[in-house]
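Right after this note come the structures.
In what follows, chain A forms one complex with chain B and a second complex with chain C.
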Partner chain A sequence: MLRDDETLVGEIPGTASKDRVTQLFRNRSFVGDAAVALVLIGVFAFGRSFEANTLLLVNLMVYMILAQGINVSYGFTGYLPFGFVGFFGAGAYGMAVSTSKFHVGAYPGLVAGVVVSVVVALILSPLLRLRGSYFAIASLAAAEALVLLVSNPSAQGITNGAYGANLSSVFNPGASYVSTVVALGLVTAAVVWLKHSPFGLALRAIKADRSSAAMSGINVVRVRTFAWVISAAMAGLGGACYAWVISVFYPGDVFSLTTSVFAIIFALFGGIGTVVGPIVGTVVLYGIYNAIGITVPQYFQLIYGLLIVVIVLFVPRGLASLGASVFGRMSR
Partner chain B sequence: MLLEFALIGGVLTGMYYGFLAVGLNLVFGVLRFVNLAHGSVVVLGSYLTWELSNTWHLNPLLAGLIAFPPSLVLGAVIFYAVTPRLSRSADPEMLSLILFFGIAQAIEAITTIVFTSNRRALPGSTLGASSVSILGQRYPFYWVLGAAIAVPVFGAIYIYLYRTRLGLATRAVMSSPDDAASVGIDVKRVSAICLGVGLFLAASAGSLSIFIRGGTDPAQGIAVTTFAFTVIVIGGLGNPISSIAGGVVLGCAYNLAQAYAPSWSGVIPYGLLLAVMLIRPSGLFGSQVRVA
Partner chain C sequence: MIPQEQSSTAVAAGPASTAVRLLEVRSVSVMFGTFMALDDVSVNLDGGRALGLVGPNGSGKTTLINVVTGLVAAKRGKVLFDREDVSGRAPHRLAHLGINRTFQIPKPFTGLTVRQNVEVAARYGKGRRSVEEILALTRLDRVGSRSSEELTAAEQKKLDLARALSTAPRLLCVDELGAGLSVSELDEVALMLRDVSERWGIALLVVEHLMGFLERVTEDVVVLNAGQVIFEGSLVDALRQPNVIQVFLGG
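And now, the complex of A and B:
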């Protein structure tokens, strides 16, 4: 599971933190990942000067955030949440309710979105006891229960029920775009950190063999719950930014299973367990979706359905694994 | 009276829910993965039923029988195309779950392209009678019919599993594929047949689903799968006969919610699924937690 250059990053007992930092920068894969994150932020920071369709840029960023969230959960810990969109919706509603009902500003609203999704993640953390497909389907059930809760007539006083949320009081196209770029930067930086920190190493140890990880002193329950919360917070932040940008939405828009599916496919297609994989996967597949998908969505659904089959059968570790093997051969 | 109606209705629809879910449980027991395309096949069965009734003016329930040959072929094709590569991969369980999700999406897309995304429904009168009186209250005829069909279906599954050689082989594969192979059972053939039978049970349940769910549309698939999964988790994963008990529990819970708190009834299948998974993951009749 672990490549040689990755195990090097693990903490060596007794080394001072300064040594760890220099060691990190000597590690070529860390420098590469950090460069990817910086380029990504640069592209989106100036994105609006070469792409007039702001919503397309925002959707790309939001899907990158979600794909990275799936990456943290599935790529690093092996838990695949089909209902990941539940956190996205929780973040969107956290933002909407705090700004429109409690009249807080937009930035506290973003924080509220993250907090709500983290609370949902903590409530759902017993699900982590389940493994494999049990967990995947249970998380789907949780997301479906959540949308029924939010759109329920009894919740109308808080969430406005099926009539949707309206954030016009804080509408601000410029600031919401910049916030989404910052959110993407934070999420990407978190994944870079996860991949190169002892914590990320512990996660991958749990994924590879849980009992051996526990034997070597990793607190399995605490570590995986923390990863679950990080991944939920990413989705919540994405949801809150998305809510701010689009300003008016209905429960079905932010709790759509399609969102989960897209994020999972983008992450898998690019390659999980890497920093660049989910980004490349989103750019390629969401690009294709925009080229052909908007007019006839069911053809795109057919294509991505078959694409999932092809990915699973022929490139289960994604494009990044293909790239890595090509580079590996070239450098040899 | 309301309580009585909810409970009798719950038992009637619940037996049908068991029928709806039993194919999923059979496939899970034998192949050890959750067939996420189950609901999409149920929807396909519903469309076949609609076509039979509206285009050819035949009895809609014939769809439940016509679906048998194509289901077996589809099961064999999927099985032999997919499993050799999957079983060699690093994480066959999760990858097969994702793969069948892809198949479900493809089926849903093809259904949309062929039949459009418009909702199709059939009036209850196409089945003959429209309602039946039990203990002084009237119930939709298709509820009673669903239960009346579910009983022989479960009888046939019981006879297949416990009275035939193929059923014996099936149960052997369920308990241990390696041991089954070592005593000369053709595990691949048994698995391919079970996948086909599972898909057939889904498609034939679809011919009643169009009535009981009040219509069908291509996007229903994943909700039907989750619903069926709830039924088999309550009954016990990997024990097909127990699905009928799971169905009755879910049917009663759902109908009680419909009677007393209708706006919350949609939460019932999901809430019950989460509760059973966290409190008693083996279900009512599962002996142990099966790691898929």
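And now, the complex of A and C:
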């Protein structure tokens, strides 16, 4: 797309100089986003040498992945899936069942996790016909249906039902950690691509107005379904990595509504429609959660509640918008 | 503003010389529940020509445009574009065929800059037209890097027009482009519309309440009332018809 624009600028003499500035600025924002992704990967790649609690690092990464998935779904297409954790659980169980029942290796297991969540997303894609809170509630119901399906005694032969999954056959703390870092890298790169590609523009066009987007030649149903599938694949990948790391879990652990709510709050707090927002949101809020949430949970809920009110009232577009306006004023 | 060689090609492919039937709306009826929005309406339009659609509020003008652009399905009847039956096709496919429109209340893609608004339509609409040229034609080049929600109402209308034009339509439906514009803006937009129509040989289907605006764009009109065609012919003749006058002035 950037290249296209340059040829366009080249065709019309006399308009070039101003456009080049715009071009440069846009490039700079792309460079900035790519740098954010690289720094993020670097931090987590060497994370274990300065933080002994591996599970904390993994949780951070998994929440970043989920928050980016929410970002794709809500930030780019305007659909807020409260049942987003369903894809996370589907990915976790795809990993667990394929490795423990079908005895595939860990890496094919990760792929299976993503495939299962993508299949679930395709089955649920008619939900995209619903709008706003109707969609949010329907996706929540779908996630609830999914956990009942998995923990059902009749499914015990495959999923081990309510007794949970065990991935001890592929347990590997080192490889599972590295895979999570790679997964976070892939997910962040995908969001960078979305933000700077014509496809991302098309998604934002649909979000703004469906009819105008359709009249612009955008196949609305196909484009939004594709975004939905990308978002689900992110959650599935996160779930599969998480399952591999923790290796033993129960249906309630990977289908917990709290996971959805956290991911949504992290994404909204940081700022949707941006690359850096969900990352910052996760670091700040999950940091607060770990600092106060575990020791004094009652204060944690109070502070979280206040934070949500403050975000909605004063920073509806998240921390990233705050940062952008401060940056904008400085560079003026 | 218009490069010389382009306007001469427009004359060469002038409307009158190549009058080929572009759009044929054949006995279309549309029901909204029990309300008959369009009742057996037929409208024909030749390539490169312009046709006005007039009538009081609720007479079915916008519904007719919605049927032509695929946003509303007809209960009966057909829409032929280039002699091909296109009834029931999705809007984006019609956009690719060369049918486009502006909206009564333009809804620019918020969060995108003016240029990105046009870019996304140019790319997905497969128009292969220069974004810069479209922006210059619609006089939006100076606000190209601004966010589209910062535009004035008149600029938003031009942006909607620019978005439609960047898909390289052969038929452009214009829904009340003049509403809410000042006198000078009306002049500018009417000229713009005629200019692009002549330049690219675009046929226009113009819904308009403002006769002053309409007469600057076309002489031919179809008058709708309560979902039916009550007059077809020139605008001047229409205003002499007792039944047309009655519909507009309430008799």
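Convention: the second predicted complex is superposed on the first by the 304 of 332 C-alpha atoms of A that agree within 3 Å, B and C clash if a C-alpha of one lies under 4 Å from a C-alpha of the other, contacts with A are read in each partner's own complex, and residues count from 1 in each chain.
In this section, a contact is a pair of C-beta atoms (placed from the backbone, for glycine too) under 8 Å apart; a residue touches a chain by one contact, two chains touch by 3 or more.
Computed from a prediction, not measured in an experiment: that's the story for all the values here.
Using the contact criterion defined above for the overlaid structures, shared-chain residue A:R131 touches chain B, although it does not reach chain C. In the superposition on chain A, A:A205 contacts chain C only, with no contact to chain B. When the two complexes are overlaid on their common chain A, residue A:M215 makes contact with chain C while staying clear of chain B. In the superposed model, A:E51 makes contact with neither chain B nor chain C. When the two complexes are overlaid on their common chain A, residue A:G273 makes contact with chain C while staying clear of chain B. Comparing chain B with chain C, the partner in contact with more residues of chain A is B. Across the complex, chain A is touched by residues 69-71, 90-92, 95-96, 100-101, 103, 106-112, 115-117, 119-121, 123-127, 130-133, 136, 141, 144-145, 160, 163-164, 167 of chain C. Chain contact summary for the complex, chain A toward chain C: residues 1, 4-5, 8-9, 11-12, 15, 18-19, 22, 198, 201-202, 204-205, 207-209, 211-220, 273. Contact residues of chain B toward chain A in the complex are 33-34, 82, 85-86, 89-91, 93-99, 101-110, 112-113, 117, 222-223, 226, 229-230, 263-264, 266-267, 269-271, 273-274, 277-278, 281, 291-292. Listed in rising order, the residues of chain A touching chain B in the complex are 74, 78, 80, 82, 126-127, 129-134, 136-138, 140-142, 144-145, 148-149, 152-154, 257, 261, 264, 268, 298-299, 301-302, 304-309, 311-314, 316.
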